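Naming follows writing order (A, B, C, D and E), and every chain is counted from residue 1.
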Amino acid sequence: MLTLDKVSLSYGSFQALHGVDIHADEGELVVLLGANGAGKSSIFHAMSGLRRASGGSIRFGGRELVGRKPSQIVEDGLVHCPEGRKLFPGMSVLKNLTLGGYVHRRDSKGSQRLLDEVFALFPILHEKKDCPAGSLSGGQQQMVAIGRALMGRPKALLLDEPSLGLAPLVVKQMFEIIARINKAGTTVLLAEQNAYAALNIASRAYVIEQGRIVLEGSREELLGNEQVRKAYIGA
Amino acid sequence: QDTIKIGYSGPLSGGAALYGKSVLNGMQMAAAEINAAPVEIGGKRYKVEIVALDDKYNPSETGINLQRLVQQHQTAAVLVPHSGGVFAAQATNEKLKVLLLAYTSLPAATERGNKLTVRIPPDFTTYIAPFIKASMSKYGKNVALAQADHDYAKAWSAAFKPAWEAAGGKVVADNPMSYNKAADFYSGVSRVIQAKPDVLFIGGASEPTALVAKQARELGFKGAFIVLDQAKLDEMAKITGGYNTLEGAVGVMPMSGDDRPDAVAFTTRYRKLNEGKDPSSEVALNYTAVHATIAAMKLAGTVSDAIAIRAQMDQAFRKLPGQYNPASVEGLDAKGGSIVNAIVASVENGKLKGQLLRSNAAGQ
Amino acid sequence: MLELTSVTKRFGGLTAVNGISVGFERGTINAIIGPNGAGKTTFFNLISGAMPLSEGRIVIDGRDVTGLRADQMARIGVGRTFQSTTLFDNASVLDNLIVGHRLRTRSNLLDVVFGTRRLRDEEAACRRKAREALDFVGLAHIEARLAGDISQEERKRVAFALALATDPTLLLLDEPAGGVNPEETVGLADLIRKMKRSGLTICLIEHKMDMIMNLADKILVLNYGEKIAEGTPAEVRANPVVIEAYLGSDHAHS
Amino acid sequence: MNAKIGWSALLALGLAFPFIAGNDYHLTVMSTAYIYAIATVGLNLITGYTGQFNLAHSGFMAVGAYTVGILTVDYQVPFWIAFALSGVVAAGIGFFVGLVSLRLKTHFFSIFTMCVGYIMFLLIEKWDSLTHGTGGIVGIPAPESVFGLDFSEPRTQYYLVLLFLALSMWIMHRIVNSLLGRTFVAIRNGDDLAQALGINLMRNKLLAFMLSVFFAGLAGGLYAGYVRFLGPELASVEHTFDMTMYMLIGGIGTMAGPLLGAISMPWLTQQLQFLQDYRFVVFGPLLVALVIFLPHGIVGTWMARRKRKAAQQVTAPPVRLAANKGVRRA
Amino acid sequence: MELFLQQVLNGLTLGGVYCLVALGLTLVYGILHVPNFAHGAFYMAGAYAAFFLIERLGFNYWLAMAGAAVAVALLSVLAERLVFHPLRNAPYLHHMIASIGILLFLESGAQALWGADFHRMATPYSQILSFGDVTLPAQRLLIIVAAFVLVLLLQLFLKKTITGATIVAMAQNRDGAALVGIDANRVAMLTFAIAGVLAAMAAVLYAPINLVYSSMGHLVITKAFVIIVLGGMGSVPGAIASGLIIGFAESFGAFYISTDYKDIIAFVLLVAILSLRPEGLFRKGAY
């Protein structure tokens, strides 16, 4: 369903990705592991069109994404929930979520139903729906970000470090929610530093170092790999 | 055939560009006429070229331009059409030995004893008495001042106020306004109208002056206007849509209304060259100044010795053939300011009426 | 060494920190944990003087420092790091650090203009201090690199070094291991222990429980701006209120 | 070391210029450029190094100039004494303006100072009894001779201005490379961090601001003695824009950049005189292109490249974790 | 009393025009996050465009206004594409300089095309209405009414329509907007177009009671800056309220205090208010 073929990406003279190959089948939850600066976010940026890949091809549901605008890619059903959240801080939570369904603005009934689902998923957001998103705490903002992405009715969802800076309890809930979203049929690509928790809900994973895929395998394979344990899971 | 270069440093871009270009236009018209039949000075034949540099109304740029004109172009005379530039140029023009043609009515331009300055426009104070006479008797003794707030308008009102009072009048409001910068004159005008004046003293650039007059009428003012000479009545009439709004206005006769034959001939020539546009007094005076400068060079027998040329300027103006002297400059006073017999104009029944400043003075 | 008495901060209608009283001993590592939005960062902002208190009192080493500005607090010996640190990317790492010791110097404009002895001495001292701090955090080898070129973990360490260069006695670290992988996290924990050994008192905010539980002498748990627990890692971990509000069952067993 | 040679060469060039220059016109352009360079270097301290974009800078230049103009013309104070006061008066007014304006950040500070600049301009224009209003101050004396040097001569004037430019650059160099300069840069990088490092924000910003306008005032004083006529337009914000442009073209936050910009741009505009009406039709897009394609200015771009090279020579690139031994390659 | 009412009407006229210009500026500020000095040149361009259409092509006033709005919208969009878009990641100083570049270009361009003369734009509404002793030229009434209708429409557009919300969203986070499927480029262009339309309409409304010349935008734009800072940068209601405040302050100040110092009033007001309230009069709230 989603295939990256020899994707490269550069920031000025610095090449962040060197021919990355990744694929994800429908309904899979694929994890990207990697240290800081390995290139996880860069892969997502290339997919969602925020940055244009300098080489290679990205195909999604039979369509070439390289060269498409971010807004078109969202319409195609590939939704990116970015690192750092990128919310609209001055707008209310509700408006943030509503705008998440921007590309489906013609189907307001569907969006309303989805909104109720998001509020069911994150009850705290319902409580805070009239607060400016910028006044929420980190975890709550992360919820808004995921909720906003869901409002885009993704066929495939790209989640970039959703657990960053969150409390353990919240992290745990977050992964449960991600697993739930995945079970409901959405393909999920998850970039994480929190490898243990991520692998636990994953079907497959890739390990990225310095802009290259160095390892690929099923959950079990990676959980059993000595090097992966040492570098990404800890004791 | 050699070239006599006459320099110009004035605004050619920015807000004052229009003014600067009128000045330059007059100079270039004169140069073109002179070049039709090359001049002979000291046995050599010359053509005239105007070298124009933009100074954006900025005195320090005038200083730089003056240097450049003298040293790169060897100009013997430079015309500067704004007082700041004139004062800046006066810091060095004597040392540079260059004749400064100052187009500014401020008396200070010649009163500070600069030996190489000629002031082209006449001293405005000569207009004050006839203006007062024309308006006070007909309209009343209460005047409100609503002129612009730049240096020239300030000097004008400073001289005007005591003269009006001396003539038995009263100044009921004194409210200068920023003609170039203000977005709206309504509040300022209603403020002076509130004092119920018979006469309104206005003036700055023609177009905003016209707006002030128009808004005064809209606010119910029925009296006369005294218009200081920077504003041209004909240009104002274009903005107000005819002379009716300006009924009772007193000012200097615009070139287009001057019916002396030399002036009429000049206006016709100018219109032909400029798509039917009327010349302003800036055009006419600076046109005259260039002709006079070349004439002075002829008299002095030199194209480079500024001191000798300056010494002949008075004579040159006096002897200038009428066709080259549409502004009727009669000569220079002791300090180097021009003497002009202008026509005082007043709007009566929607028409311009003129009267010579000194009716006994002979034209050329 | 640090005594807080009913410290409170209100933003309009929201009470971000509510009547917290707590004391921290010299030479200990103290962790502040709590759910997102609990008021941890705000709590640090209050201690460091970055925000004025709405209520309460702060005493350091017996001295009442309530109401002092951040720069005054830094002089007293309160150093801090931020969740993300901006460095001057176009200068070398060492150049970035030199200013860290500025608060301990006295040279002024006149010294600069006349190039006095004092200025030269102090500049040398700042440079020495910067090198020392860099050495302490284990980055002596990168002093000449451009700050824009170093890795995320190195940036975290440079931020530590910057705080250390101010000669603090109390150091506030806001999520020092945020966005750092497990292997590097261990390295940072070692570094924090090393700071403690050198006599510093440390307060840190962190969500990585494994790290906290091994590192902290005392843990303060905040929830909705209020203190819900305080004690050793073992005590906190067993506290049902904390489990309910924050930890969840995973970390509860010892 | 390299830098020292560069600066010495530049100074030598400056000293030799009158002998190379064809005529006094070139000297005039250069001298005026130097005067603006001094003010620009001052602007660079507050904007480039401390990160606060002051749009009232030309207002402060006018304050310095009017200090000289008013004292010499209306009170017959000798030029040199008035000149010594020009920077001081500007810095004094800067103290009060800074006290209020420096509480604001980013564009708020800029627009606030733009208004302050406008107020300064209008005050100069309206306060006739002090400033001579729109008529301007006429007849400012040339600086009195010192050691038999006549400062109404273009060449001596040139050297006088050059001397002050060199002095300004030297002092600025000292400031920027000292602990004080590092303090300013720390503030530019971020208020919060700087304050956490024990830097008193207000005091240091105020110091930078006063120093910066001191240079503006001094430049104004020189301007008064050089042009010898002053009008209110000297304070207009367009001049601040000009100086900002010089700063940006050369390279903001560098020592040589603003100098280079301030000296080269007037020559460019002089060269563009032949375009007359179309001068700004050409110049405007040129400015835009420059900002887009050379955002760090000439010196800034060059320095960044050089620094990167130097840094790479010192240390090898970092070794990153490599965990791919004995593992199936993807 | 009549004089007082007269000043109220003057204040409304001035305030209305200021509002329109400031609103465009504040919208663009939301996208650029920098003051766009070229906005005053757009205002000027609007007046020239309408002048050209009326004088040379014989359009009627309203058609000319529409034409000018389209022309300036195009110009404004072009500036966004060619200048501000490439600069979107640059520091704000660069935007300011670039916008000054555009300003110089447009002003000198207008001068090269139409000369440096003052021009006068005709209005079909030249009659003078009087209410007791208060006189009001019809054109001034038109300005007041039109300005307030436009402001209302804009506010409804931003608050009630999803397209309006995209403008606000873009202002708050450009990447975030792209990620929910908002075409960032389109919104940026739309915002510039709206700003251009507002500036052009303000100019065409105001020009008949004033003059058309190449530097006519200077003072209006400086005032507009004061207004958006007072109103809290980027805040639409703030811009409207402070536009009126400045309009009234000038009209009453000129009448009751001094015309000489009238232009200082706005600036002094700003300096005074910001000294007391550094965040402006109206803090930005949630939409």
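What we mean here is this: a contact is a pair of C-beta atoms (placed from the backbone, for glycine too) under 8 Å apart; a residue touches a chain by one contact, two chains touch by 3 or more.
Everything quoted here is computed from the prediction, not taken from an experiment.
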**Fill in**
Note: chains that touch subunit B and subunit C both are D
**Request:** State the smallest step count from subunit C to subunit E, taking one step as a move to a touching chain.
**Result:** 2
**Prompt:** Greatest Cα-centroid separation from subunit A: which chain?
**Reply:** B
**Prompt:** Where the centre means the average of the CA atoms, what chain is farthest from subunit E?
**Reply:** C
**Asked** Once you find the CA centre of subunit C and the CA centre of subunit D, what distance in Å lies between them?
**Response** 39
**Item:** Inter-chain centre distance, subunit A versus subunit C - centres from mean C-alpha coordinates, in Å
**Value:** 31
**Prompt:** Centre to centre, by mean C-alpha position, how many angstrom separate subunit A and subunit D?
**Reply:** 48
**Item:** Contacts with two or more other chains, residues of subunit C listed in rising order
**Value:** 151, 183
**Fill in**
subunit E touches at least 2 other chains through residues 108, 111, 260, 263
**Request:** Would you mind listing the residues of subunit B that make contact with two or more other chains?
**Result:** 13, 17, 149
**Prompt:** In the complex formed with subunit E, which residues of subunit D make contact?
**Reply:** 47, 53, 100, 103-104, 106-108, 110-112, 114-116, 118-119, 122-123, 126, 241, 244-245, 248, 252, 277-281, 283-288, 291-292, 295
**Message:** Quick check on the complex: what are the subunit E residues that touch subunit B?
**Reply:** 3, 6-7, 10, 13-14, 17, 108, 111, 115-118, 120, 128, 135, 137, 209-211, 213-215, 218-220, 223, 250-255, 258-260, 262-263
**Asked** Which residues of subunit D touch subunit C in their complex?
**Response** 171, 174-175, 178-180, 182-183, 185-186, 189-190, 192-193, 195-201, 207, 211, 304, 307-308, 311, 314-315, 318, 320-321
**Prompt:** For subunit D, which residues count as touching subunit B in their complex?
**Reply:** 22-25, 27-29, 32, 125-126, 128, 133-136, 138-139, 142, 152, 154, 223, 226-231, 233-234, 270, 273, 276-277, 279-280
**Message:** Considering only the defined contacts, which subunit B positions touch subunit D in the complex?
**Reply:** 12-13, 17, 52-54, 57-60, 63-64, 67-68, 70-72, 83-84, 87-88, 90-91, 95, 106, 108, 112, 149-151, 154-155
